[in-house]
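Both complexes below contain chain A, partnered by chain B and then by chain C.
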Partner chain A sequence: MTITDGRQTEPAIGPADPVAVDQWYALTALDEIPVGRAVRTKLLGVPVSYCRDHDGAPLAWLTQDSLPAGAPVDARTLDAPLPTMADYGYLWTTVGEPGGALFDIPETAEPDRRILNAGTFGIFTSGPRAVENFLDMGHLPFVHPGVLGQQPFTEIVDYQVEYRSSEIYAVNCLIFQPKAAAASTSGQMVNYTFRVPHPLCALLYKSTPEDDVRLDVIGLFVHPIDDGRVRAHLFNCLLDTVNTDGQLRRFQQGVLAQDKPILENQVPRQLPLDPDAEAPTRADKTSNAYRRWLSDLGMTYGVVASTQPGL
Partner chain B sequence: MIKLYDYLLSVNCYKQRLLLSILDVPYERVDIDFYPGWEHKGAEFRKINPLGHIPVIDDDGYVLWDAHAILVYLASKYDPTGSWYPVSDPRRLGEVASWMLFAEGTTNTASAARLHVSLDYDFDLEACQAGAHRLFRVLDEHLWFQEQQGQEWVASGESPTVADIALFPDVALSEDGGISRLDYPALRRWTERVQRLPGFIDMPGIFPVAKAPA
Partner chain C sequence: MTAPEPGSLLHPVASCADLVPRHVVKARLLGQDLAVWRADDGFINVWADRCIHRGVRLTVAANDGAELVCPYHGWRYSNRSGNCAYMPAHPSDAPPRRLRVPAFRSEERYGLIWSGGSPEAEPPRLPHLEADDTLVLRALPVNVPPDLALQGLHECSYQLGPAAGDAASISCDSAGPFAVAVTARTGSTEEIVVHFVQPVDGGRCVIRPVMRGTPAAGRRLSILRHHARQLEELRARLESSAGSRVTVRGPSTALEPLPRPSTTAASGRAPQLEVSVARKWLTAEGIAAFELAPMSGQLPSFQPGAHVDVHLPNGLVRQYSLTNGPGLTSVYRLGVKLEPDSRGGSRCMHDSVHEGDTLQLSEPHNNFPLRRDAARTVLIAGGIGVTPLLAMAQTLERQELAYELHYFAQSDDHLAFGEVLEPLSTGLVKHLGLSPDQTADEIEKITHDYGAASHLYVCGPGPMIEATRAIAGGSGWPDDAVHFEYFKNESELHDTSTFEVRLARTGRTLMVGAGISLLDSLRDAGVDMPSSCEQGVCGTCMATVLEGQLDHQDVFFNDSERAAGNQMLTCVSRAAGERIVLDL
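Presenting the complex of A and B:
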């Protein structure tokens, strides 16, 4: 679990939001990280750098002047190394004290899964806006017509939202999709489950054309550069014996490129948590649960905090 | 059949798909793993284009690279009306050449900003955005004066040319690079006219427009 009990002291670095700071964040897919050469970025506004060492192990550190972008890196000379993990194909790090392991994705242990980063794309939005869009079924027929939805089949029938061990689950989410996956050959009613195990990571489970029982798993892991700009990683853990990695990526990248301008047109970039801030509909049940969950956690980074007491 | 070495999210590849669709020319797509594979920079692809750029076309053994050169070739060969690349009209042809060179500028500013924001390309974002705004201002004024004379396209004449195709995606996707088109009304009207052309296809990130009133 990544959700901590919440410390009372302010984080030493980064924004004054222990909920946001005390998390693991995926910076980049491991196989996209240069070996022995520094890459600079920001995490929660804090300048950080990363690379892989010559054994392939990930390194991350608070950016130091002596290591500009592209500079050769010797792990022994890092002034302020950060903790790292290599999980699900990504380098994860933190500028806080997560106090626990990353959330589990049991499907990644199945040997026939195709696990890959479909792509990492920068978007001018906040982490919570990106996650909320990922959870939103209502936009699919409008933003991804002909692929993940189709007008006039825009109705979202009622579904259930549950809290299970500090995570959000939305189950029995049904929608008609003309091309639900790269492996689809025809339209189908698709059953989705959404899962939010981390303030800025979400997963969806959906039926796959290739297996009657098991589900495709697709994740959105957000790297918050600051509170108005993110890099969104599209994690794939699929059952697909037909498509090449390139074809799988083409499908997912096309979907994300359709979402990017929608997110960039949302004002403000930070997600309002006040229940009255944006008019919800039934399709927004998961979104409402997510906003309430962030409020309950006390998240203040990348959101417009609710002014209503007791929510 | 024409082979197009393609990447879905490349504006320069999209220019070719758009013109091929408008001219109703069949082609075969060869998907290049541009990102994250950087396949176009690899040794295999450099045998096709030593510059390591896409798009490239292979038309029955005739290989051509450079997005705007390919537009010129496709229009010259596959447009029986001769209107998309008007070789019979020296003045219009000069305008088309001029605006296609201008489009190199929008690609190097507006589309460079998009690559920086989306894929972390090492460009100076503010310089790209400022450069794009300078060019958009010029194009917006030009299109406004065109409209005053009953002209709808960047080059004079009744019909669009490859210059419109060369400019369109850099403009239509500018917000991906943080470049707002709010201040360029003539530019926005022109993008809608392009989107209403028969045979128009979009690419991910371009908002569809409502159908024109009958």
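Presenting the complex of A and C:
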């Protein structure tokens, strides 16, 4: 018996959407990739495989019957490999032709930064829903109570959204956080900046107790398996001399584990771009800007495209 | 005979027994996912299973007995109406009334919940069953289209016989377009089971068998088990004959949500809705309570602190606060104190308005909104001033937010709405029979330690509000943490000045002469200004001021708002100089 999963469409195999296709995507953290052994996955519904060669360099290719999962791979004999990059600790690849380089994160060049993949989560949602969740401050007191927010301090005061060289920035985003400082009993307002440099990648900048000027950088890099399934990578680029990698991972994974059941209960899984499809408020300015930006880019994969003309 | 449109009929979506208190049950009818929940007042809500904010399924929301709370951003939706009651990202905003989860009909019959259907549709009334004497058997989801299930029930009825006795004669008949009744006779006993078929979507249904009568306690379990087994067999047969593919999202008829409450558009001070006095009682010494029910449909939504204008039979218009707590959406509940020097308002409500009478109202307005993001909320009520604060206290209690309700009254007999006060026990503090000086001392004690994120709300007689504002101000409470609502404007109003008003948006200029209010002059000039109390109390007739000095005569603004000078109430306030410019 075949049972479809209640979606409007079957997962797309090989999207027709050039906007989604012509992008780099982070498949996996480099240090989690086996050397010389094929790993199979999908990217935008397209079966792809990857591994690292014996020099540690990442390899990716369109899945071939001759190389089942776990099969030994020899880089020299591999036919038509896909373009790859090793950046920010991840293997990036593409099934299209990205025009330029990957977006820059200048902070990663600072020598005292801790850079790590704090966790990779499989979630039944679309890439844009996952990114929107990362940009959303209103959910912090409800989904991450006692950590990233606390009831009843739920107000989202006005903040500013700007477009800078075709990226989205949301600045002066204030939220009351109970654990902002270890010794504080009353919590404090924390200031976030969000940045969206890629349709399925977002970054947030947040002050840290260890530096008065520089900011911690946390990223969400989404690997879209298809238009209703993702692997979400949490990228950390921190000024932290206190916590171990294990502690940082546990913290971020705890946070994502709280988001997962929410994301998996959103209908539809694809992000509606029609401004009337859902009911945003002024607190959702970043998400509105993100939806409009995707609409303007002409993104159709993982979204419910707007039926309104001229958007 | 043509088969009726499935969308025009009511269908079962759940069994009443599924609706455990404080739970939300998932259902699906004609392709529409539903969240079904019972509020503490017994009302059953059948809603679209989707938060209108960001699409989260409401079957994962919390049912607090009065509202569903979405787990993503905490939006709250009211029992009955499905109106958004609160958006936590904006703690002082009233959510627009258009924000509403589509709600569908809900009816109970034969132990099942029925929904969908055209507005006139009724749940079936069958000769086979008696309304309150049924046993709901185990429901069974079947992965075949409803018509195949109905056909199968007819064909296999001989297998659906009773648990005991093999000499039964079995007959079956259609009990309406979506039900098959199976009657088994053994000697003089008769067992009837009606199998209702719930059309889930194009490819699936749920068979919901209901048995006539209540079996003896000893037989109950064996009957349930027997029927469950037989239906299980039927399902296996149906599914294997229907082939392999199940379409989850089959053709569906869109379910018709219930209409929004309809009111006349706001214009000036004209009434917007008609209600009937469903109940009137004496709730305390000199205080009459009223429950006002809609003539049809539902009442417009409101937030704690809201009031309505009541257009009295004698032509007067009076404002009364709604005391309703969360989830009480079927009536507006008011309290009216008989004023000894009544100018005809409270006297008319007490003496001339009776149960069954019709009254005209405005939509609820809220000029005394409650923030729900405070670390400490202090409510100070003087006498009948308790009415808006009762709505606030019940809301805070329901949301488990810390609050104190200080209720100042002459005596126990003067405490209104005892049945609402009683469950508030932890937050309620009664202060009985105090003199004005003693009252001031108490307020001093209540407010002496101001902490960040504290808010104070006071409503009562004018002098008590004055005193509270002064005392709290002296203890360091900032103006924007002290919220108040007067009943009436006791200051002496003067309207002898003459001034010019420029309307910035239209570019027009008008003169306001002595003896006429700015509000009336604006209306004469064709500006449709809303108003309610028309004595500078309620804030409904507010205008934004762009230029000019003001002569504030209201009791609505606090000192900092007055000093800012960018807003005025047009019913009583005037220009201090010769000219003002309004953003109208």
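The definition used in the following text is that the second predicted complex is superposed on the first by the 290 of 311 C-alpha atoms of A that agree within 3 Å, B and C clash if a C-alpha of one lies under 4 Å from a C-alpha of the other, contacts with A are read in each partner's own complex, and residues count from 1 in each chain.
The rule is short, and it goes like this: contacts are C-beta pairs under 8 Å (C-beta built on N, C-alpha and C of every residue); 3 or more make two chains touch, one makes a residue touch a chain.
Quick caveat: nothing in here was measured; it's all calculated off a predicted structure.
In the superposition on chain A, A:H139 contacts chain C only, with no contact to chain B.
In the superposed model, A:P261 makes contact with both chain B and chain C.
When the two complexes are overlaid on their common chain A, residue A:F153 makes contact with chain C while staying clear of chain B.
A count of residues in chain A touched by chain B and by chain C gives the higher number to C. Judged by the touch definition given at the top, the superposed model places A:A279 against chain C, while chain B stays out of reach. Residues 261, 265 of chain A touch chain B in one complex and chain C in the other.
Of all residues in chain C, only 33, 49-50, 52-57, 60, 71-74, 87-91, 99, 143, 239, 244-249, 372-375, 399, 401, 452-453 touch chain A in the complex they form. Interface of chain B with chain A (complex): residues 8-9, 31, 33, 35-37, 116-120, 122, 175-176, 178, 203-205, 207. Put simply, chain A touches chain B in their complex at residues 29, 31-32, 41, 69, 117, 119-124, 231, 245-247, 249-250, 253-258, 260-261, 264-265. Listed in rising order, the residues of chain A touching chain C in the complex are 1-8, 132, 136, 138-139, 141-143, 151-156, 186, 261-262, 265-268, 272, 278-283.
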